[in-house]
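A short write-up of the structure that comes next.
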Amino acid sequence: MVAIEDIRTRARELLEGGKVRAVLGFRRSSAGLLAEPTFVTELNDVASLVWDATCVHNLALYLVNEKKRQKAERNPDTRPLAVIAKGCDSRAINVLLQENHIARDEVVVLGVSCEGGGVIDVRKLADVLRGKEATAAAYEGLGSVKVTTASGEATLAASDVLADRCLECATAYPSVSDVLFGEKVDERGFSSRFAATKAVAAMTEEERSAFWDGHFERCIRCYACRAVCPMCYCDECVVDSTSFIVGPTTTAEEKANRIRWIQRSTTPADNAMYHMVRAMHLAGRCVDCAECERVCPVNIPLRLLNTSLESEALEMFEYTPGTDPAQPSLISSFRDGDPNDFVR
Amino acid sequence: MSEVLEAPVQAKKEAQEFEPKIVAFLCKWCSSAGSDLAGVSRLQYPPNAVPIQVMCSGSVSPLYILSAFNKGADGVLVSGCHPGDCHYLKGNFFARRRIYLVQKLLKFIGLESDRFRMSWVSAAEGTKYAQVVADFVKDIKALGPQRKLKAKN
Amino acid sequence: MDTILKKERLGEWVAQIGSRARVFAPAYADGIWNFSPVAAGVSIELDHGNTVRPAKGFVFPQREVLYRFRQESGKAPELTETLPDTTPTVVFGVRPCDGRAMVRNDKVFTCGFKDPYYSARRDQVVFVGLACNMPPSQNCFCLSMGGSPHSEDGLDVLMTELDGRYHVKAITPKGKAIVESGAALFDKMQVPDGNAVAKVHADADKCPQRSLAAMEKIAAGLKEHFESPKWDELARACIGCGACTYLCPSCHCFDINDEITGNTPLTGERVRTWDNCQFPDFTMHSSGHNPRHDTGARLRQRVSHKLLYFVENHNMQQCTGCGRCISHCPVGIDIVRVATEVTGQ
Amino acid sequence: MTRRAGVFVCHCGTNIAATVDVKNVVSELAKDDGVVFSKDYVYMCSDPGQQSVIDAIKENQLDSVVISCCSPNLHEKTFREASSVGGLNPFQCEIANIREQCAWVHKDRAKATEKAIKITRSAVRRSLRDESLTPLGVPVTRKVMVIGGGIAGIQCSLDLANAGFDVVLVEKQATIGGHMLQLSETFPTLDCSQCILSPKMVEVSKHPKITLMVQSEVTSISGFVGNFKVKVHSKAQYVDPEKCKICDDCAAVCPVVATNQYDVGLTGRRAIHIPFAQAIPASYTLDEEACLGLNPVVCGKCKKACEAGAIDYDRKPTTTDIDVGAIVVATGFDLYGKDKLGEYGHGRYPDVLDGLQFERLCSASGPTGGHVLRPSDQKEPKNVVFIQCSGSRDPENHCAYCSKICCMYTAKHATLYKHHVPDGNAYVFYIDIRSGGKGYEEFVQRSMERDGVMYLRGRASKVYQSKGKLKVLGVDTLSGRNVEIDADMVVLAQAMVPSKGTAEIAKTLKIGRDKDGFLAEAHPKLRPVESVTGGIFLTGAAQSPKDIPETVCQASAAAAKVIQLLSKPELEHNPAVARVRESHCTGCEMCVDACPYEAITLVNGKAHVNEVLCEGCGTCSGTCVRAAIDVKNVTQLQVFEMISACMGG
């Protein structure tokens, strides 16, 4: 069991010693059940840190965003950031290290094991609660979650309310960390890895086609999936209508020659294009934190696009993203024995 | 939604006079040379596939493939040197892995897997190139037009 | 014009309307509530929570083709106007907050310059509102924004659920028309009905909601604290997505692009699409300079537009308190808290 | 973008015109944006055809030219040259292949014409974005490193040095000469190996243009063709070759005995020794593994004994940085490991020898002074069995390939044996006799007819010892009989494998090896002495099994290739190479990993292309997820436009 006090103590030490410029963690939110990200810089804010089944966010994202922010600052504070990271979040940190986006000494990883649990999927919870709104959700021992609503408390089966990614998670503890809170639990006995993906893969071609057409048609291109993804750290994205990395070296022609791979229009085809390109660019990089799926306001099961490729990477290329920052990336490497029979 | 419902009906209608549009990305050293040989040998194959010569199959970005579909291609072919024969030593190995993933992804979203193909065609395999294209055209004709990724306007 | 409709007759009424117009109503699919087309003969259930996407799309779609163009090399371009298809459309289950948002959108698109595309749709779409009678969602704050769970602003019809019946009030001529078209199905409203309606409305007003204390001070406060460091602090977690504004019933910023469909000859469409002040390229200058260079500046723009600039221009808040931007923010950024903290209320 | 493109469509007589409506292609393309000139002609490649391109460029200020004709492999060069005559940058001329890829493979005129239009249009779109490029000039270091001091390395060094190039010859051992120095006589002429080799070795040591580095190895390499930087590590030279008088006083007093690798373990030698009388450099050398510890307190006898004062225990290993323009790898061969030939008892029985040991036995400078005596009892063997293909041509258990020289040297061995022991019997087990080569077949025949060597067609299955006698079991497939021979000595013609050092050097130099571990040539037929890496060349048995004449021949060939490379003051390199958009590069290093030529490195956090190493394959741009790297004149934007052109848009 992870005791929040331990985390707070460590956060306090780091801040007191001035070793870090901020501790990235979770706190309660005025917006609802889920916790919200917080940057703790003051000792007296340390008490606001929380750790429970509502800490859904992948805070690795802020290692990226803070880098951009720092670039803009005149004389930035270059001390490392401390960040609370779950198993998936830590894999994201590994990929960022692998891609030299951050240096190891720029971050102090406060690794937190999800042990036998994971995080809440609010949509599942809403279905279970039939409209009642939960005000708190605490992880309670192996396999169950205690939920508080206006009309009292209920203990629910974790498998009914945890996010799919947590139920399918193979390593629910950090793969990189400076401090580790909680025990490494391997046998969790929830669902099997890639279960949701396999279910879709098992459909007939027509079914899959209709399934995704329906979802893509709904996309409003708010790009929450992109914005929340720690791996989508490009300054300029393929869907951006204008070239907005403009520097002293940028020529007028470069601006004019921006390739319109995808139109801004929300047509089903262009929406599909956007999600295809994104999935390809995440191949071997996505660590299945599933934030894209969580933040999608219109509830497109985006995670499946990435996990479908992740499962291929594992089965065919024995590649698991975010496990080893030293290895070359999935698509920048190959083996002589890679599948070949699909080629005519 | 409506479009999705009508699609199959329309597809059937068009199937008869339907001539697939195909983009073929050919690596300069093997596959393009192979298709040249097909020409020199006067082998006949359907004219649906328009070749785009690239230096190496390794340079074919997933974006090229998706973009071709977006611009209305009914099928996309990527062809390179046989494994081990790459003019650039190993470009085609990177291509093979990348293309494999693209193919799986397209399959996963329900695009008919016959619409996207990769082939190894060496400079000596004019006959094979002709065959690859002929088969491809045949298979795609059976599928009808591609709508999933085609820009609607 | 007030009438009463027995619940079991709702289906008939919808069917009648359906024979002359496209009908939309909230439906629960793929885990969210959304306005969906009502197929013939399908009855609708009006017991829904608020839809994820607002009703604004019916009059201000995310993608609108303004005209088509075609140009032979060296010749002058030929343009073809494309006015929106104006099949009459009736939308059921519109919540009052979305209705009030229509009033805001009308200000933007029809006061002064009359936008032909918006107007063409607005004239054809009938919004049938549904008063809120269930406890509000966690992030509702329509009362603070001067609205109410049963506000009629911007709606053509307002329905209020009574036990087994609906009170149906036609507000505009468009509204009257669809009610009269089904006159046979309606019962006359009796005095007790009136009291029942009043009670439902009063009860709804009493439901506790989130609120901005001292609303009257907010606009001035935002002006005063334009430079407040709070903006950056509160936006530090902002990821820069567009969920808040795309889901907002009254956000109306758009971008205009030419979508090329062919180069020989040059053909394409000029298209208007929603734009989003939270995107980094929104105020991007071609020089590379971006006056709103960070999330703090963008958050300030969104909140100030809702609660200050719009007030200055149109003498009303643009926000109607539907709470979507709060509930759907990936990182819990909360306009109520932001406005309160920045202005120090 | 106001570019001015010209389109020229070729009829190719009727080759194209018969199937493609050329006029129609011209008129359709004339409508395209950016096309200011278009024409057709019966033979574009003819002089008037080319002239019309030249004139059109001048008259219409064309800045892009597209020739719609046959395959670029045929006339791209032609038309790019014509374009530059017309004053256009040759890289702004593109070829649309409407013959091989269209006219010749289709019948339906309408459809073929439609396709031809698309092909031409896509070439036009590309050309409109072609930038003007100039070939890269690369300065070269006119100095060559030859790795390996066997006959291949020696020959190559001499040829290069005599052509006036500075040469650094790096040899791992204490002397150059390689395996050839161990041989007694050489087939088919039976002239003394050392007699023909020594003069060359001396020439090397005396040559003003050759720097010889023995007991040295290449440890790392950087740079690229024409500009390599090589690190060479040399063992400590305790004996100064300049001072050493080769008087043998040191060896006389040295208390340590070690096995003599030059006699393939048949004899011993002192810790301080001279490998061969004819060693180059002509000096004793101190084997530090064997020496009692380079320590006067422990021993120090040799230092005392040396009047010349040539010995210094305090010498340290050195590392030298050397800049060279080209490298020749001549690391030679080893014999297939005896440990792998258990069935023939090699290593188990003292009288089962390998070819090189037998050479030493026959050699006047060898352990027996040139008398064939059994190692076990120094008696003269009366029955000697020679087993060919020991480890060769045996895909199941050993090497699949033929080691090529064994047939000849076995014939030589048998002949030599008969010359030494006229009353002895020489049996040869063989599968086939491969004696292609000048005077080779005659030599084999002589060994049978004149010298009475007995050839048995078949594999020897087993060699074993019983009652102190060697027995060889085999089958004579011609007579179909099993044969069992009591042998006094067995000589195995072991397969040739790349020398141990070859694998390491290939790794260090990042050059490929084939499935058998031999160095891989750039093209098996047309580029036999080049590696796939520009500026690195191959020669000798490290590339494939070969005999001395062939090795010498290939060494000179390699030398000629190097001379060709370094004869120009500057190298020309294709300028259509990768370019990084630094603004978009995040330094993720995916392109660095993917580049087949190691042409990309990170320079302060951004990918940096070494244009000279880059071959322009574009694997980097196919890999980059940020569109931060592109190949000039095949940019993603150009491909994007080509795709829309192919789609008719």
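Here are some notes:
Chains: A, B, C and D, in written order; residue numbering restarts at 1 for each.
In this text, a contact is a pair of C-beta atoms (placed from the backbone, for glycine too) under 8 Å apart; a residue touches a chain by one contact, two chains touch by 3 or more.
No experiment lies behind these values; they were computed from the predicted model shown.
Steps from chain B to chain D, taking the shortest chain of touch contacts, total 1.
The chain pair with more C-beta contacts between its two chains, of C-D and A-B, is A-B.
Set against the Cα centre of chain D, the chain with the most distant centre is C.
In this assembly, the C-alpha centroid of chain C lies 73 Å from the C-alpha centroid of chain D. Taking each chain's centre as the average of its CA atoms, chain A and chain B sit 34 Å apart.
We define each chain's centre as the mean of its Cα atoms; on that basis chain A and chain D are separated by 50 Å.
Computed centre separation for the pair chain B/chain C is 45 angstrom, with centres defined by C-alpha atoms.
Each of the following residues of chain B touches two or more other chains: 1, 63, 67, 90, 94, 98, 151, 153. Contact of a single residue of chain A with at least two other chains is seen at positions 214, 238, 246-247, 250, 261, 263, 265, 267, 280, 331-333. The set of chain D residues touching two or more other chains comprises 594, 623, 636, 640, 644, 648-649.
Put simply, chain D touches chain C in their complex at residues 31-33, 35, 121, 644-645, 648-649. Every residue of chain D that touches chain A in the complex is listed here, in rising order: 1, 129, 582-584, 586-594, 602, 605, 623, 625-627, 636-637, 640.
Per the touch definition, chain A reaches chain D in the complex via residues 98-101, 233-236, 238, 245-247, 249-250, 253, 256-257, 259, 261, 280-281, 328-329, 331-333. The residues of chain B lying in touch with chain A in their complex are 1, 3-4, 62-63, 66-67, 70, 83, 90, 93-94, 96-98, 100-113, 117-120, 132, 135, 147-153.
Chain B makes touch with chain D in their complex at residues 19, 21, 23, 32-33, 35-40, 42-47, 50-56, 58-61, 63-64, 67-68, 71-73, 86-91, 94-95, 98, 130.
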